[in-house]
Structures are given as C-alpha cells and as structure tokens.
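There are two complexes below, and they share subunit A, which is joined by subunit B in the first and by subunit C in the second.
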Partner chain A sequence: MNLKLLDYGLRSLWRRFWKRFTVIIIFSLLVFLLVSVFSITTSLQKELGITLEALPELIVQKMSGGRQTIIPADRAYEIATIPGVSTAIPRVWGYYYFASANVNFTVVGQDPDLESYKLKYSELFDLNASLLDTLSEPYFFAGRGVVDIINKYYFKDEFFFITSNGQVLTLALAGTFTDESVLETNDVILMPEDVVRELFDIYEDDATDIVVRVPNPYEIEVVKQKIQFLYPDCRIVSKSQIESSYQNVFDYKSGLFLALLIPAFMAFFTMVYDKSSGLSLEEKREIGIMKAVGWRVEDILILKLIESGFISLFSFFSGVALSFFFVYTLDAPILKNLFIGAGNLKPSFQLIPMIDIHILSLSFMAIVPIYILATIIPAWKTAIIDADEVMR
Partner chain B sequence: MSSKAKLLLFALTMVMAISLSTGGSLWRAQTSQTKRNLIKQQAVELIQLPDLALTSEATWLRHRSLATPFSIFAEDGALLDYYPSSFVYKMILPQPKHR
Partner chain C sequence: MIRFDAVDLIFNLGQVNEVTALKQINLSIQKNEFTLLRGASGSGKSSIFSLIAGLVKPTSGDVVIDGKSIAKIPDNHAAMMRRDKIGVIFQKFNLIHDLSVFDNMTLPLVPSEMSIRDIRSRTEGILNDLSLMDKLDTSVRYLSGGEQQRVAIARALINNPKIILADEPTANLDQALVESFLQIMHRLKGKGITILLASHDPIFSDLEWVDRTIDISHGELL
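Entry: the complex of A and B
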C-alpha cells in the first residue's frame, strides 16, 4: 500500500476530529453493550451446562389439584423395575423460610455419614474440624449465602430450626460449601434425611419426589412414558426439559435487554443511512479538489477505506476490550443484576470465562463492513462525476 | 509518516492487541476450568437439584424447572411469573393409533 496515502488518510482523521470521535464513542458503546450482555448470558449458560450433566435424567413429582404434593416412597421400587432404569431414589427436600431475613433456604436430606463427607467431598466443603470429631448432635452443611445470613443473626456454629409443629431443632454447622460451587449451593442446607423429615413433618413412607437414573439416553423418553402410564397423577421432568427451561430464561432476559437496545441500533442505522445517502458539501468539494489536482478514483476510494476502516476497527476493538474488562475483571457490576434479581440471598460469584465467537463475529459484521460501505459508496458516487461539476 | 498518523496507528494497534490478547487468555481460561467444574458437578451430584441459586425469594424461582405448573400468584400477587420461562411441563398424551 502507498504509505503516503496511508499517512494522508490518517492525518485527515484529525480534521473534523470531534465528529469522528463521537462516531467512535457511539460505535464502541454499542459493541460494548452487545458483547457484555451476551458474555454474561453465555457465561451463565455455560455454568448451567456444566451442572446439567450431573443431574438425574428424570424427576418424578406427584401432582394433586395442580400442585406438587408428597409422593409415596414405595413408588420408587415400582419405577426401579422398569427396564432401562438403573436407580430410582425417593428423596426428601424442601424450602425452609427464614422469616427474619425474608429468604428461603433449600433444605436437602442426604444420608452419607460424616466420614464420606470427609473423604469423598473434601474439596466441596470447608469442614468445621473442631466440631466434626466430637459430633454427637445432629449436624448440617450450608452454602456460603446461608452461613452469611445466619452469622448476621448471631448464630455461629449452630442454628435453630423451627419444625412444622413448632418445636425448636438445634443443629450444628459441620461445614460450608466452598466458593467454587457458590452458584449452585448458595442457599442450600444439607442435613441427614431423618432430620429433614422431622423438620418438614414428612412420614417415613413418603418423599418429596423421586429421582430416576436412566443411563441410556435413547431410553429416557420411553421410560418417561412408562412412568406416566404407571402413575397418571405424576409429572415427570426430564433433563432435556430442564435444559430447554434454561434456554427460555436466558433468551427472555437477554431478549428483554436487547429490546431496550433497539433505539441504540436505530440511531446507529439512521447515522449509516444519513451517511450513505450523500456526502456533505464540504466533503464533496474536497473530493472535487482531489480530482482536479490529479487523484484517481481508486486513490480517493482507498483514502475513504483507510478513514472508515480506522474508525470502525478502532471502535469495534475498543468496545470488545472494554466489555471483556467490564465483564471478567469488574464482574459486570450493573448488568449482572439483570440476571440475578434483587434479594437478600444473592450469591457473589465470578462469571466463568466464556468467549462466544458467534456474537463477536456478528457484532463485527454489523459494525465494520456496514460502516465502510456506507462511507465508500457515496464517495464513489461523487468521485465519478467531473471535478468541475462537483466543485461548482 | 507524520507523528499524528503514527499516533493513530499506534492507538489502533494497542487496542487490537489488548482485545485480542484478553480474548486469547479468556479462551485459554475457558478450556482450563476442569477442577472448578468438577467441584460444581460434585455439588449438583450431591444435592441433585437443578438451577442456579440466583433467586431464593420465591420457591418456584429457585428451582424453576421443578416449579409447580401454573404457579402464578402462588406466593405473592406482586411476584409475576413470566409464562414460558418458568415452566417445563409438557403433558404426554396417548398417541392416536394410525389405521
């Protein structure tokens, strides 16, 4: 490339500096918002994708009058006999409403003994070592958010739960979930199953729902239909349905935000339209003078390419760099709230690094070529007219 | 080349270098998250419940995928459910037999 032309092209950007600077700011902001929103969405989706693999294939809930109710636990034995099912386990869990803080804790009944927590799940928990060895009373494990809340209410190594018949149940805090899993376990309380039964007044023969493992993915739908025919009063949630529910939520939330961005896009395209519909008198005169002093049409086009290429590339890359910094270093301060809502038990978490090539290329294609074309076409239209006619 | 042009070229190169290198390191980080992912999976394996602990105010929002179908106004009239997003329920009806 002719270096002198490049030099001239870049220097010409300094003329009408504020106009160009404004265009760069607007483009960068647009790219920044677009890339930020989609980065948060894909990052959270990735988070869900990771955990989705560990979920049971089917969850069977008993419905009564459109509401979920307690399910007889012996249905699990019947379900386990269906060919293709590896395990069917009744489980006991529910929500414990802590009125003082106005939050719901998710209480899950699990029976592994303390030793297996120590061995198998050593990385999942920060164990309360001083308590563990001498533990004789009932214990619970809690997520980071739960521990923060109960600490706020002056509980430290134990917590009082009120059972459904009004009695007080004192449990010792045996460990806290580590920060790595805070998005999954922030509001979770894990305690022995019989304690959960006592807390929620669920009889020995009953369960909240039944989780069914089906190792072969091709059999899931068949097994689901069999369970449905066996127990018409049950609703069966499969892993793929959960996946589509995630997709719905994120489409909804990022769609809502993108709808708010529509005015910004309209402004952008109005600007592009305005630019492509013709050059200003001053710009036309400039092209006329260039032609008069001997510039060829292709020289003028290259000059315009350099100018518009610089503006669009600079805006795109600065927008992307800004959004990476905003999302992954600052942790998306305001935009994240769009996805996490407002409450007393908000998890503080780090978004996992995630680059969506599709979104980056989409925003690149929406900004760079369109702006370059919108600059070059009117310049070409002017450049092919005779110089004296243009200047007149 | 004039100093003004050099300055602009330098600015463009810097911005491109910053965004590309950040993108590259994010890409690397994204592929080396195995330990963290394993702990997350272990957590879900243990508690066996879906969804992220992003909202715990209304019970159906916490485990949205297991929420009561048609749960609108179940807890508070002001907490509006937004229709397709909270539900995964699909009835399985007996298929008509083809003759």
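Entry: the complex of A and C
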C-alpha cells in the first residue's frame, strides 16, 4: 500500500467537507436505524425465548359464554392421570385494576409451581425470604413496575387492595422481584394463594386455570386432544400457540419498522444513484489532471477506494456504535416501547447486549460495497477516457 | 529525443463527426532544444503535445521518445512515462483549487515510490527557485495568476523531467508575468531540459535563445 496515496486520499476527504459530512450522516443514520431495529427485536426475542421456555406445555382454561371463567380445581387430578402428563397444577391468579393509575397488575397466587417461572425461590426476590417470618400481616411481592407505580401514590411498605366484595385488604410489601426477571415480572404481584382467593373471591375448590406439564413433546398433541375430549367446555392453549402469537407480534412490528426504514433506504439509493450516474465536472477535471501528470488508472481507483472506503466504513461503524449505545446504554427509548406495548405496564428491563454477526453482515453488505462501487465505477469510466481534454 | 514519423491523428474515425487533427507530421526535436510551436487556435499544437505526453495515440505513424515508440504502449506505461520524463504546463494551469501549493506541485509524485523526505527536499529546491516558499501551505485559490502559473511550473518540474511541454503558458498573463515566465524558461533550458512551447504570442518569436520555431496550420507543419 502506497502510504502517500493513503495520506492524500484521507486528506482529500476534508475537501468538499460538507458534501461528505452529509453522506456520512445519512449513511450513519441508516445503519443506526437498521442495526437498532434488528438489535431490539433480536434482543427481545432472546429475552422472550428465555421466558417462553419456562412456560408449561399446556394451559387448560374453562370457557363460558366465549370468555374464560373459573375452573374446578379437582379437574387437575383427573388430568394428571392422563398418560404422558407429569404434573397438572391449578393456578389462582387474576388482574387487579388500580384505578388511580389506570393500570392492571397481574396478581398470582403463590404456590409450589414457582418452577413455571424457571427461577428458584431464593433467586426470585431482592428481599431475603426469611423476613417473611417476622411479618404479622399478609404480604405480597411485586414486580419493579408495580412498585414504581404504587410508590407514586405514596404506598411504601404496604398497599390497600379492594377485594371483589368491596372490602379493603391491607398487604405488606415483602419484596421486589429481581431485575433479571423483570420482563416476566414487571407487572406481577405474587401473594399467598388464599389471599388471592380472598381478593378475587375464588372458592377454595376453584382455580383460574390448570397448567399441565408434558415432558415428551411428541405426546403434547395427544394429551391436548384427550383433555379436550375429557372437558369439552375447556380451551387448551399450547406453548407453541403462545410462542407463535408472540412471534407474529414481533414479525408484524419488525415489518412495520422495516417499512419505516424505506424512506431512509430511498435517500441512500438516491444518493448512490446520483453518485453512480456520473461525476461532477470538477471531479472529472481532477481525474483528468491526475492522469495528465502521470497517475495510472489503478492509482485513481485506489484513491477512490480509499475515499469511499473510509466514508462508508466510518459511517458503518459510527452507525453501529451509535445503535449499540442507543439500544444497550440508553435502553432504546421510544423504539423499545413500541415493541413491547402489549402489557399494561411496560417493563423497564435492560435489553440483553448481543452482537449478532448476521445483522452486522447484512447492514454492512447493504451499505459499504454499494457505496464503494457507486464511487469507483464512474471514476473508472472517467479515468479510462483520454485525459486529452485537460490539455485543451 | 522526440520524433514523429508520418503521424496522423484523426478523432472519431469513420464517424459523421470525423476530425483530422494532424496530417502526416514528421518532426524531430533534439535534447535541450527549445522549440516554439506556433499556430492559431485549433491548428493542432495541443494534439502534438497530447501525443508526446502519451495522452492520445496516433491513428497512424509513430511517436518515439528517447528512442522508444510510445504509439502503442498501454495507458499505464504511458502514465509512468509522463511521471518519469515529462512535465506539462497547461494553458489554464489546471491546478486543483482547494489543494495547497505543496499538494498541487507534488501531485505527480503521490503514486510514485519516492519517499516523503525526498519529495520535501525536492519541493523546497523548486519553490525557492520560483520564489514560492512562503506559499507552501496556501490554497492555490488564494494565489494571484502569476503565482498560480509558478505553481503549475513547479508541478511540471517536480518529477525532474527531461521534457517540458508548455501549452499557451502566457495566454492568461499580463506583460510583467510573461517576462517573469520567460526568465524561468530560459533558466530551465540552461539546466538541459528539452522544452516544447506552443504559443501564438509574438513575444517568443523575438527571443534569441529559442532554438527553433515550427509553424503549424490545419494540422500540417508548414
């Protein structure tokens, strides 16, 4: 590599500074948007994948009038006898509407099925569980989002719930879910099962739904059919159905964002088209002068490669760095909320930092070679024409 | 040093807009000779320069520089020959206006193997000769016409050429600058450089150190 050529190429970038600066800004912005959207979706899918992994294979819900209703808990015993089922556990949970903040909390009865969150009891909370022994009143654990909301309304160590019968139920806040579980637990309140029953007026023999574990994936469909046969009034939701519905939402939103990127791509390709369709008179004159004073065609092409390579690589890495900063340091304000708007409380979790080589390769290929070629081809076309004109 | 053997130069050969720029040119220029090429605009002076510089190839005939035919050499070899042997002073100087004096004059050496140190020392010598040392880092857009011309001369000299081609170098200069230019050319002749100067400025006709004057009209030597 001729260092003088490299030096000349880099210094000549300062000429026509604003033109090149504009190109860098547009390219960086395009890479930033592209990598940000892909990073958020990949990161969220990764996070969601971890969550979905812990879901039970089947959830049995009783339906009445087209809506989910309370299910007799003893159906769990019958379901548990179906070959292939390892466990069938009735769950008690519901949504608690906190009118002051106009939000719903997901209230879950504490039962031995903590496994469904795939986290050990001791890892689940920030507060030491041994403190529970010292609490005299009923307690609850809450997700980070719930705690933030109730703190805004001056509730610190306890919260007054209104039961389905209109009674006030005072519960002590015994702990907060750890940040690691925030995607799943942000809007969750966990409390003893009997307290949930009191809160939602659910009889002891009833449950909200039944979670069914089926270890052998080949038996899931058969077990599902058997439960359906056994309880035709029930809806049986499989893990794969939940996964695909989440996937659909992500695919839809990713597609929406990619559509929003179209104007940015249009700007990029317009610039590329403008560049590839020919050089300015000034640029042509410069190439003519270079040839006239002894530059070979390959020298001119190397110079253009240095210039366009620097611009496109600088833009690419700036865009990627900006995107990583935006997504993983600033936690993707606006963009992330648009992706995770399904919950009543948007979880304020940190996205999992991931460097996806496929995303980077795709963005790289979409920007760098195209711009380099769009610069080099017209320069080559000019350089192979006789530089005789500059003599005239 | 420079020889043209029955050179024809026809542009757009066989097309409707075919133009014959040069017809059967036979020419021989010796080393250290100062040759004045005289003729009206469009007479073919610049075409002769383009042929010597290897920027165009003759339609027929041969152009020989230093005993080597350049009529059919590839473009890259022609470029190397320009870089090694020829310095060109253009009529409109053809400087790159947003580059400094240093960058403009060293432009021919950027792709060469010469070290930065050698380039710098060569630059200083030439700029001192041309009284441009104090303008080294100045952008040429801020220079006067005379200074720009001296930068163009400096660029033509930077590769230590054996041949200098000066195409209408005084066309855009006032009388004082023309005088200054003549002195520089005289000095270069004294250094043993072969100079071919195209001009229809009558001032060159009266110079006693011009070795030879060639008149050209409508692509033919008179």
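By definition in this document, the second predicted complex is superposed on the first by the 357 of 392 C-alpha atoms of A that agree within 3 Å, B and C clash if a C-alpha of one lies under 4 Å from a C-alpha of the other, contacts with A are read in each partner's own complex, and residues count from 1 in each chain.
Note that in this section contacts are C-beta pairs under 8 Å (C-beta built on N, C-alpha and C of every residue); 3 or more make two chains touch, one makes a residue touch a chain.
What you see is a predicted model; the values in this text were computed from it and never measured.
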Subunit B versus subunit C as contact partner of A:P83, first or second or both or neither: neither
Partner chain(s) touched by A:P263 [first = subunit B, second = subunit C, both, neither]: neither
Partner chain in contact with A:G166 - subunit B first, subunit C second, else both or neither: neither
More subunit A residues in contact - subunit B or subunit C: B
Overlap of the subunit B and subunit C footprints on subunit A, listed as residue numbers: 11
Touch list for subunit A against partner subunit C, complex: 2, 4-5, 8, 11-12, 15-16, 285-286, 288-299, 302, 384, 386-388, 390-392
Sites on subunit C touched by subunit A in the complex: 46, 49-50, 53, 55-56, 75-76, 79-80, 82-84, 86, 88, 90-91, 94-96, 98-99, 103, 107-113, 116, 119, 155, 159, 167
Residues of subunit B touching subunit A in the complex: 1-2, 4-5, 8-9, 11-12, 15-16, 18-20, 22-23, 26-27, 29-30, 33, 35-59, 61-66, 68-70, 82, 84-90, 92
In the complex with subunit B, residue positions of subunit A that touch it: 3, 6-7, 10-11, 13-14, 44, 47-48, 50-56, 59, 61, 63, 66-68, 91, 93, 95, 102-106, 108, 110, 121, 123-124, 143, 145, 177-178, 180-188, 190, 209, 211, 224-225, 228, 235-237, 241-242, 244-246, 248-249, 252, 310, 313-314, 317-318, 320-321, 324-325, 328, 339-341, 343-347, 352-355, 360
